[in-house]
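A, B, C and D are the chain letters, set down in written order, and residue numbers restart from 1 in every chain.
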């Protein structure tokens, strides 16, 4: 993993987000924010037979949160929900390909948190925010 | 002044308080407590022509508060109020004749505070508790 | 005593432990300090003082909202301390720990947030006659505001809760049963688990005032199954200015906020706001950051020297010895139950000597005890005593300090009875 | 700059002052720390850290209720600090200073105690669009509870209060006008004395949020004639965990208690209690004793290095230099008024770079700034900006740190615009 957050691909996804915008008649629309820094993500999904047929997002925030959303969007098109259910921190960090400290972790994981909360309900988030004792 | 609080005369006044008890038809009855330690004093006065004709007290608490009350009682019988108005810390410490630290000062001054509040109202106290900045 | 003494002291390594506490080598009035006012506040080991110094000297910064390195480090340490506290009382999650100023604020938080939202005329709040004012006055005020009624479980003359009366007092009207896990006057340790069960059986919540218990014995909130637990760092080797409220997560999710401002919000609009996740929802403004870190260091320290089980055992032996020794003092009356049912403190009254006077004479001999009603007027009223002196021990007190206490009390007797 | 720089720095003896702050010699990411997050919290000089250490190592004890030496000393120092605070803001009496955890709690205290007792449906509370959440959310909650209405004085696009609108908003319905004496986002310093007068003219009380002002400029509550003033120690070289509420004594006498428990009572009976004298009536439980003493030491320190007038002057020169220098950064937009009308902080946005990203890049260069809405969402909303970066200075910042800030921001521009 790269030590420097601001790799060209992150800035590219931030400046040119993929699957950005609205779907027609989405089955799921879910919105979440990062209260400490104000990042916002809204995720829209069309789902058929427990598979994501189409996904898009809108939002604003830092490059990490928006690039994470954009990269995740590319990845989840056509994916069965069952596969996404197991996703956590690692999958997102693999996509981003950079080392992320504890503070920016919340930014990086906000899109996945929003996705999982939208599909399985808010209590279903067991990622970075989980009750690890 | 003596360094040791527990002089024979203090213990004597504590064990044999003077003017302890109630007056018939007192003109003024006033009660106060020391919230931090629970000392209580009630003062009863008969006043004629702005002179204390008779004074008594009841109460309970430590030897300092009760001896201070007892000694003060002896002193104020027959005194004009005008004279008492000027009383403060010094007059009481002179009576007690021992050195008193900041914590026990409240005990020592409770009787005078009660007396002055009873005669001139609670806001009239400008002794140890005063707003010295 | 002397043989047993050395065994006892070795058990916890008390001689060595004492070196961790700078204040214990201090003199007052020219004689060595004997600190027996631990129920009011404990002394602090260097490990705690240094943890806070390190924070201020290395990473001092505000938490949660910062992206820069100092803020990241401060946040990590501040939250790590919360996890230590959670584990220390065996909470299910760090989210169940809210930082407060002290046990008093913890109880007020429940009274205001839960109480104002859930109490109605006809409802009852049950407390006991052995409560500290911190677990009385907030309920008086909230009862007055909501129309609820405050009731008391009486205490017996031996200083136990009068459990025979409990069944009559705990009814479906009871919405909250709030009681101490260790009386700060009588020393009594009530059967917490059973009291919680009885509260739950009538549908009431149970709040445990742990200000004394958490500092002096092992506490397991899951075993007790209490809904709330209030405690303070300063009584358990931690700094002033910080305490904690444990609450079951579900309750915290449902309760409205108490104090409000920065850090506890999710979003603020002109006409309303939404709340941050628990426990942050209940922590408004810049928190006591260095103090939280000091609290964590105190818990580390307590565990390092042997843990709460060992500390509790040590104190029980000390208190048994103290109660035996105090019988030598003429005209001394102890209140509260026998050693096996109490924590490491003992309140007593001396014939013909006001507790303040006794405390002042002890102070001349370097001995610090507390005199008064110890913020528990109702329990004194019930026992018909105006005030008492209280000697309260901690793991760093030595058995020989008991002998000094006895000797100094005998000196007080002489001053007052043979002046 | 360089000539003026040396004059400026000599004036306060900044080079020497910096040695008092251990954290200022720290490195982050291998480069020296440049701490520009002072509006969030200030650093602490050794004098403050040592005052608290001394307390813990010499006289640690609970206050007010103790007869023994340690408790007597602790109480004296704890109360002496209160007098320092009172004199620092020119209160009439130490009785007008209540210790709280922070400015946030101070405002909540007024909202709960004064607000619940005095606000009724139809009444209005007036605040401003430049308030910190600490001076918004408590009023939202209390308005909701009492049926009062919350109104806002708008701000202009230049970041001033829109005083033309004030007369229409301040009416006999207004019971409280609560406003900041220095915006933590815009830096704006409103005309406090005049605003207080206008509040009083319609019979409203005036609460001043002094969280930024008290730390950065001379404050005189008698000159302002405000009814309440809220502030925090941690922003003015003091420890975390302690703040203060100033209130006119008459108001404190009339207000009901807020938090309740030990120390704030006069007597407790089973069914009611009576209150201790002010300010103790508002301080429940074991207070933040070491922190109060640290607060007092912070005030001593601020006065020793030159006092608030000199500090304010220094910061105004620094901020003027910073605002000039920041104009060199392409695509940087500053918000708020010109230097002469503001305190030592500047919030800005960079074209095409989110404030978090800018802050993260600055952090790599050792520069600590804050990114976000700085707990003041409404002012950001009003200016149509989602978030900003904020560089906030204190008397220990050096003019050359501005140059480093500019250079690092230019690096951020390069990363994002020529990746």
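The rule is simple: a residue touches a chain if its C-beta (ideal position, glycine included) is under 8 Å from a C-beta of that chain, and two chains touch if they have at least 3 such contacts.
Quick caveat, the model's predicted, so the values are computed rather than measured.
Looking at the partners of subunit A and subunit B together, the chains they share are C, D. Ranking every chain by how far its Cα centroid lies from the centroid of subunit A, the top place goes to B. Distance between subunit A and subunit D, defined via averaged C-alpha coordinates, is recorded as 37 Å. The centroid of the Cα atoms in subunit A and the matching centroid in subunit C are 45 Å apart. Residue positions 65-67, 71, 265, 267, 356, 360, 371-372 of subunit C are each in touch with at least two other chains. Residues of subunit A found to touch two or more other chains are 36-37, 104. Viewed as a network of touching protein chains, the structure does not reduce to a path, ring, star or complete graph. By the definition given earlier, chain contacts exist for A-C, A-D, B-C, B-D, C-D. Residues 22-23, 26, 28-29, 33, 35, 37, 40-41, 43-44, 48-49, 52-53, 56-62, 65-71, 101-105, 107-108, 112, 129, 132-138, 140-141, 150, 152, 232, 234, 239-242, 257, 259-265, 267-273, 284-291, 356, 359-360, 362-363, 367-372, 374-375, 377-378, 381 of subunit C touch subunit D in their complex. For subunit B in complex with subunit D, the residues that touch the partner chain are 33, 35-37, 101-104, 129, 131, 133. Taken together, the subunit D residues at the contact with subunit B in this complex read 64-67, 71-72, 75-76, 83, 86-87, 92-95, 265-267, 276-277, 280. On the subunit B side of its complex with subunit C, the touching residues are 5-6, 8, 11-12, 15, 36-39, 60-64, 104, 107. Residues 352, 354-357, 360-361, 371-373, 386-387, 415-416, 419 of subunit C are the ones touching subunit B in the complex.
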